[in-house]
Amino acid sequence: MANAPLFIPLILGTAREGRRSESVAQFMFQQMQALKGVETMMIDVRDYHLRGTDNSERMAVEKRFAKVVNEADGFVIVAPEYNHGYPGELKMLLDMAFDEYAGKPIGICGVSDGGLGGARMVEQLRLVAVALRTVPINQALYFSNIDKGIDPAFERRSIKFFKELLWYAEALKAQRKKSIFIS
Amino acid sequence: MANAPLFIPLILGTAREGRRSESVAQFMFQQMQALKGVETMMIDVRDYHLRGTDNSERMAVEKRFAKVVNEADGFVIVAPEYNHGYPGELKMLLDMAFDEYAGKPIGICGVSDGGLGGARMVEQLRLVAVALRTVPINQALYFSNIDKGIDPAFERRSIKFFKELLWYAEALKAQRKKSIFIS
Amino acid sequence: MANAPLFIPLILGTAREGRRSESVAQFMFQQMQALKGVETMMIDVRDYHLRGTDNSERMAVEKRFAKVVNEADGFVIVAPEYNHGYPGELKMLLDMAFDEYAGKPIGICGVSDGGLGGARMVEQLRLVAVALRTVPINQALYFSNIDKGIDPAFERRSIKFFKELLWYAEALKAQRKKSIFIS
Amino acid sequence: MANAPLFIPLILGTAREGRRSESVAQFMFQQMQALKGVETMMIDVRDYHLRGTDNSERMAVEKRFAKVVNEADGFVIVAPEYNHGYPGELKMLLDMAFDEYAGKPIGICGVSDGGLGGARMVEQLRLVAVALRTVPINQALYFSNIDKGIDPAFERRSIKFFKELLWYAEALKAQRKKSIFIS
């Protein structure tokens, strides 16, 4: 019997008008749709934006997000670096679940107009990933100078990224089935 | 002629309903109102919340925030730690200005239900502070176990915090007058 | 046939005379010796100290360290926080291997004279852990106010720490056997 | 009366044989020697290497280092990134002083064989800089792909780096004279 596919949603982590990260998210999404044994979906932070600050709206949105996180076997996040950190709207989204993340890997793609490809954001986000009880993988993709478009070399570079992500996704899914994550 | 007072706004960095950081912000605000030669105001992230994600709303809110940042001689931020990082709504606010921050100090107060007082959030926020061309001061206040209230010892502890903040605020204000910050 | 035991060395990450972390390392080592299905050994950074800066000494020491790392199924690190970072001698040791770390979990215990238990050091070290292609687990133990000794509550707290560490160690060992780690 | 010159030592932060950061340090040192109103010296971590781990050697080396730190008005650090962190020998050196750093700026140059110029190391080191009660400036120089040599564009890029460093060095020296740093 074939294994059930791994479900790896992609999170687009900026809601700003004119966001260049959207093209990177589309690029990564296409790569992910071509991966064997993987199902994916695009999660756009815009669709989880809180209009206000009261709890009733928050709880409804949290419930919607937590459901997807619960079904996931891992995550890809595509996000720009703003002032060396992650976008606020991405953090608001990630903070909307907790239990559902446990024991799942996260791969991060940084996006930047400059030459460092969001590397500082990736580091900060990795620490959040550990706090969420996920596994931030070693491979990352740094989309530098995004105003000039996506370097075609990222097709090749993404191979190692996905290999590591799926290596963990497979291992940890098997372990989650065998033994409840305790932490 | 007496020096003009230093203007040090306090930023309350969470918008969540039931936020415990509000009591810490009130506590710090009272200390700040008692400081000689200092003027302050409370900046509540709730008052800068973006209802949507289009640029017209953003630009109006950015303009309002940038005006306060421009007038400031330094900042105090009070914020909880969520999953080892800063609240998303705080980051969204901080990203709404840039030029106006240059050469001004920031003191950070972490708030947490646990025993570490938001120390990890403080570290991440310090790196954002450097990116914003501000000076993250060494002293920080870690309000641990906030569900049990504010330890009165923070009155004493805040003295060193404010001394360092004002030491920088005074030095850098003089330098900003003398020579344009270039970076 | 019974599974082979998991080999989880403990690294004591400071070489300083009078180091208080040694008592924490001893405490943790005793807990680890009592874990079923686990074999351990103490790695003291002092035993890998480089007398000079030439390559011949370095290569011999690297070879010795890499051998242990290669055999390990995971790691526990006990280290103090110095100026919010990790001790230099610990970093020198960790940098002495690379390939041998891939796909193994690391649990970190922070030690501090202050009240934050080395939490900032733990965060910095987690990022190094990701760079080394290991998995920094979520659980950490923060030994605060170590000049007053070790709180007996850490016996209970360490249970969750080890449960998570072994959860990953077991899962990743199985995966390393099944499929070469590629990254 | 002319102001006394600012004393800004440059710290070369790796002791490894074959270190490529040495050429970057030499490059920066030459720029610094040409700065008006600045005196400098090269501090090589190799000259502060501890042969053993006993306190008597440490105390002698600490005393020697603390003397230079005390006289300094700011610092430039040139260091490679090893596994996303700073070299252990650099951290061992920096931890050898404390009081002497207070209220002085630090500019950091990252060095890397890869394309990110040591950006992750710079971030970790900035947090250590804050812990040491120094001011990590916003500008940083990222020497990427150092195996291919130093891009001549760094002559121009270093202008902004030094402008910001001296802006702080001057402001904080005046303030240290006027008022003892308290923290």
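By written order: A, B, C and D. Residues from 1 in each chain.
Quick note on the criterion: contacts are C-beta pairs under 8 Å (C-beta built on N, C-alpha and C of every residue); 3 or more make two chains touch, one makes a residue touch a chain.
Keep in mind that what you see is a predicted model, and the values were worked out from it rather than measured.
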Candidate from A-B, A-C or A-D with the same interface as B-D, over half of contact pairs in common: A-C
Pair sharing more residue contacts (C-beta pairs) when C-D is set against A-C: C-D
Rounded Å distance, chain B centre to chain C centre (Cα mean): 36
Centre-to-centre distance between chain C and chain A (centres being mean Cα positions), rounded to whole Å: 28
Two or more partner chains touched - positions in chain B: 84, 120, 123, 127, 130-132
Touching residues on chain A, where the partner in the complex is chain B: 15-18, 46, 49, 51-55, 58, 82-95, 98, 120, 124, 127-128, 130-132
Footprint of chain B on chain D - complex, ascending: 103, 123, 126-127, 130-133, 135-139, 160, 163-164, 167-168, 170-172, 174-175, 179, 181-183
Residues of chain C defined as touching chain B within the complex: 84, 115-117, 119-120, 123, 142, 144
